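Same chain, two partners: chain A is paired with chain B first, then with chain C.
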Partner chain A sequence: MSDECAARSIFAAVPHTAGTGRGVIAIERDGLAIAHLAARATQLAQLTERFREHFGMVLPDGARRVAAHGVAVAGIAPQRWLLIGEDAGEEFVSGRLALLEHYAALVELSDAYAVLRLRGAQVRASLAKLVPIDLHDTRFRPGDVAQTVLEHMPVTLWRLEDAPTGEPMIELAVGRSFAVSLYEALRESATEFGFCFEPTAKG
Partner chain B sequence: MRINCPFCGERDLSEFSYLGDADSAKAIASAAQSEREQIDAVYLRANPAGVHRELWYHAFGCGSWLNVTRDTRTHEIFAVQLSRERTP
Partner chain C sequence: MSVNRLEGEGAIERERTLSFKFDGRRYSAHPGDTLASALLAAGVSLVGRSFKYHRPRGILTAGSEEPNALVELRSGARREPNTRATMIELFDGLQACSQNAWPSRAFDLGAVNSALSRLFVAGFYYKTFMWPAAWWEKVYEPAIRRVAGLGRASAESDPDCYEKVHAFCDVLVIGSGPAGLAAALTAARAGARIIVCEEDFLPGGRLNGDRHEIDGTPGSNWARTAVAELRALPQVQFMTRTTVFGAYDGETYGAIERVSDHLAVPLAHQPRQRFWKIVARRTVLASGALERTVVFGGNDRPGVMLAAAVRTYVNRFRVTPGRRVALFTTGDDGWKTAFDLLAAQVEVPLIIDARTQVSAALLQRARGHDVQVILGGQVLSTAGSRALRRIEVLDRGGRVRRVRVDALSVAGGWSPNIALATHLGMRPRWSETINAHLSADLPASLCVVGAAAGEFSLAGALRSGAAAGREAACSVGFAAPLPSWRTDDELIDSTPLWFVPGSRGKAFVDYQHDVTAEDVALAVREGYRSAEHLKRYTTLGMGTDQGKTVQLNGHALLAARTGREVAEVGTIAARPPYTPVAIGALAARERGRNFRPYRFTPSHRWAEARGAVFVDAGQWRRAQWFPLPGETDWRSTVAREVNTVRAAVGVCDVSTLGKIDVQGHDAASFLERIYANSVSTVPVGRVRYGLMLRADGMVLDDGTVARLAEGHYLLSTSTAHLGQVMRHLTYAQQVLWPQLDVQLTNVTEQWAQYAIAGPLARTLLEQVCADALALSNADLPHMACAPLRWLGQRARVFRISFCGELGYELAVPARCAEPTVRALMQAGESLGVTPYGTEALGVMRIEKGHVAGAEINGTTTAQDLGLGRLVSQRKEFIGRVLAGRAALSAPDRPSLVGLKPLDPQARLTAGAHLLGMGAPARLQNDQGFVSSSAFSPTLGRWIGLGFLSRARERLGERIRAYDPLRNLDVPVEVVQPVFYDPEGLRVKG
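Now for the complex of A and B:
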């Protein structure tokens, strides 16, 4: 196989630093299995029960994210969720999630999204210049999910538990064709604080 | 202007798009009416200076249709409801 066919990061060809310092660190979340789940109109109770049985979590009833055993589920709209499997492999959607299909519409989107994790002391200050939502510590809490717009690009973001250093961690999911534009917007916004990119992160 | 989306919380106007009068949409959906009434429902729109019930789409948020009760003079919003949960 020629190198042209080898898998490579969508961020491979973009500059990986800006400014000086490490105010914002962006980490590519590669290899995630992602699916969209929409409850069938009359099946919400059954779906919730089935999901709890198999994944040990209650589907969030709002714009919240919960995670257990390498699977995260984020509420993105009434009766709709984004499911993310870490290191889940290709069989995540066709296998583990397929049992939900009787109760929900399931769409495999692993290749449709690019996900970036941001951490660092200046994550909020950088994002505040880009999204029209309140990211204050008390208004956008760990586990909160928001869908909004970033320089005309629809984005989904969620706040993770703070890093052990106390720095906030936020992940952004964007349509893959927007990934480089999103990255450049972030990099420019974070330049004054120092920006650096790290290729991949597990867990 | 900010709209308090029942799912997403308070969001900036730029995330929404406007459709129009919520009650004429309801009239269009009603089958028990004459041709004249249907034409009125489709083409005639009140443009009130005051309280108006209208449909907004949260295009850059959760993608929900909302029924918003708003004063068109002051942009004060009195109620926001998911259209899917609207009582007829």
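Now for the complex of A and C:
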């Protein structure tokens, strides 16, 4: 990646803490490679097989996310997924294109999303003020994916395995243009619990 | 000062003292007091004046149903009128004022209305302000506005913040009285996820107001223990100060949590109130019952109080409303009040029971205290100028006696509090057993328990609560054992007395709106027979309290006057909200700057640094223009930007335009069905203009279709229509033609895109990417596109132009936005490049006659827009059939024209009506309108686009643009809608 285009954080110019404490910690997931994967008509079986061969994972059937070897795939609609590569660089999508294009449309969206990882004891309490879905431990389990709306902003959420501390970890992807507005909403909702922002996290 | 404070234990902290002011006078109270209990303790019984007659009013209840004791709470920006003193939790430094009284609540000049009450009967407004009609706006309305309303709202901006929270549970329990606690305990012990909402700051409901024992401990202690158990369970959310105000579809309930109303100001980072949207699989409604008064003369005088409220003040707050308190009751329950007062050493001279027979046990107990009992008696009237001094009692023998008292407790029977069970349209049914309405036709997810279900005994409340809790838990998959509790026995017999026929003086059926028994009689005389009509004619039950304490008596009066049973008259439907809700709480964060989220383009910060002025374009913040130092008039800035683009080169951020990636073997066929013109035949590496219709034949959007590869297209849409277009395409793909192999991806956010336009556009672009891409007319002609490497990234160039000059659009991954725009500006410096905003873009597109949002407004066809020739006659596409409707091609139908004021300096305004030269400005002479207008720096004059009837025949005709809003009437010439470079040579330069 050209140095010139090494992204300056979308969140560089916003306040990075609010309130006292660390009830909610937001970590910017910069540098992810993201692509939209949509199965071609009648090619789902072949795509699934090819995907399994190459990534060692079964494409989830439904709103679930699976991950292996630095690649995650999240079901966002019937026969549609987000493919997310950790620290995968520009070649992530172009490299996979040849492999999958006969079976699917693969469209680069690495720059289209801002992704935040939220962790902390009050993540659910904070998100309850923002999204109209049930994020209770038993209803939104690790690996679950949800597409919903956060103060009029379309968002995609997925729950990761809990942190070693037992705190829930949820990642939230939003259109890049909404990132600052979303961040502000999140920061305000978490202020009573103590909010802090941390730059890019790997893994 | 605490003349009416009693000894003994209640639910107040006697060790601590709080200070507060009412009408400027200082009083003291204790934590745990409400403003009502504190005022009563201080001997203040007159709290305010009534709305219409300015009658002195006191405190009737101890809960949220209070109709009388409405005050203005706090001051300045936080001043809130109509706050119920019974719901105000006292804090140190609290300030409140009485309402509707001038110059003071004790001496109120408005009370003259009471003397004029013959004028102010029901229907007064309808009858009085009818004529002369011209007086309505000039005289009547201003006069009514001056006297109308309760209290004064603060005119300042609300300094507090509010929050909205989404909650979900297995079982929602509304109310934490004995029934609610029993339900919550039973379901929670089974493991169900529970939310309990309690309106009061002290959970326990009547257990705090009455002296009961459960399992041998006082009821209030039992409640405290139960709440502690519930709060300790992780799956239970127990919320006090939280009123469930409405039931909505989808098992959804609205609740307001008063987070900070009990504090002088909210704590740091805390809202004043939280609006909870609760989705519950099951709901147990344990909202208790509301005691009714009886309609008798002077039943509104300060000192007249509901009997259960008296018990609450005595037992919970250790306050008595008076020192000599009589009881007027229609049932056994009221007697408890007398005994509780007696136990607190308060004199009870008289018990009047409207029934002729009561339990011997009650009589014996009363006699034991030397209390005189009148059976079959009725209170005819009350007396006292600002507080109760005397009551007149009619006994069974027809004798009237006067008794000196300073308070009267009235027990008119209980009505189950089923408002929430009727919000979804369920009509309550009349119960002969309890002489009140019960909920009926409940949805399976809702269960009503305790007093709300007519179970007026403590044992019944606990039993029905536990059963409902178990049933609710079982229905969501949790097995729950049924607990049981031991309670004392109670007498709960009652016979209703709705009104006292021989009442003397005004007898109220609605305190807050000053509706009297006489108003009901008048309504009946005027032909009103339905409870709903009675409500609207008399305003009975239309106050903020919704007539909770006495409305049923009004309906009973209507029944009596029309010779029907109460059951026949029915009752009105309660509507949400159950109690008043601050609009601020419903808006929560969504006000001011947060009304809607902003979207920022990837180079927003660069534009900010360049001093751009931004404009809202939907959610987007777009640069409108870029003023240079010294430019104070935006028009000169825009003129400079336009002139620079026309003479040299400019750069405009067009990232907000929609971009949709379309792939698949059937992509071409799909797009042919979507667009009205032929698009799939565009060769790879070329771009074509595309026009999309809705199914009804109107134009949905226009944009470009670029063919990137075989089976791979990139569509562009207008900024505003992206969402609609994406929905349209998705619908077509998923519903209309699921058999086609098509994949759609909205890639708008992925790309930052810059228009580089002007005669020097190619020169500029060559300076930055000549080595990556050949840009000559031969290599990249007008309407071509090509990929390139740009700053090490995959990028694209489109040779397209919206402004009519040689133009390119450079699309780069969003992260490269700022380096890209900086590189372009730097490279163009020697060429005189300028960034330009949406305003210059708008001016130039009007000069070129390109249609945009003002023209593609959902009511125009391709033909209207002058694009009829594009519409294919050789294929099927969405909108083709209905676009062929005869009326859509009628010659009178306005279509696109250019408009030029005859006086070049005359201003033309969008929205102006087009009229014939001499035609009067009347609707029937309307021939169209101006849709867009601008001052064209290129032409040095105002120009406009508009829609005009029979446009084609009228080129050269002179008409008028008439704008009554701005008081403009401008003669204009009808011209072709292309003002600049009509041959279109410049884009090919």
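In this section, the second predicted complex is superposed on the first by the 194 of 203 C-alpha atoms of A that agree within 3 Å, B and C clash if a C-alpha of one lies under 4 Å from a C-alpha of the other, contacts with A are read in each partner's own complex, and residues count from 1 in each chain.
In the analysis below, a residue touches a chain if its C-beta (ideal position, glycine included) is under 8 Å from a C-beta of that chain, and two chains touch if they have at least 3 such contacts.
Because the structure is a prediction, the values reported are computed rather than measured.
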item	value
Contacts of A:Thr17 with chain B and chain C, given as first, second, both or neither	neither
Touching partner for A:Ser110 - first (chain B), second (chain C), both, neither	second
Residue contacts with chain A in the superposition, chain B compared against chain C	C
Touching partner for A:Thr200 - first (chain B), second (chain C), both, neither	neither
First (chain B), second (chain C), both or neither touched by A:Val149	first
First, second, both or neither for A:Ile133, with chain B first and chain C second	both
Intersection of chain A interface sets (partners chain B, chain C)	132-133
Complex interface listing, chain B residues touching chain A	7-9, 11-12, 14-15, 60-64, 82, 84
Touch list for chain A against partner chain C, complex	1-2, 4-8, 13, 18-19, 36, 38-42, 90, 94, 104-105, 107-113, 128-129, 131-134, 136, 139, 151-153, 175-178, 180-182, 184-185, 188-189, 191-192
Chain A partner contacts - residues on chain C that touch it in the complex	163-168, 193, 268-270, 277, 279, 589-590, 594, 596-602, 605, 619-620, 661, 663-666, 739-745, 747-751, 791-794, 813-816, 818-819
Interfacial residue positions of chain A with respect to chain B in the complex	62-63, 76-78, 80, 132-133, 146-149, 154
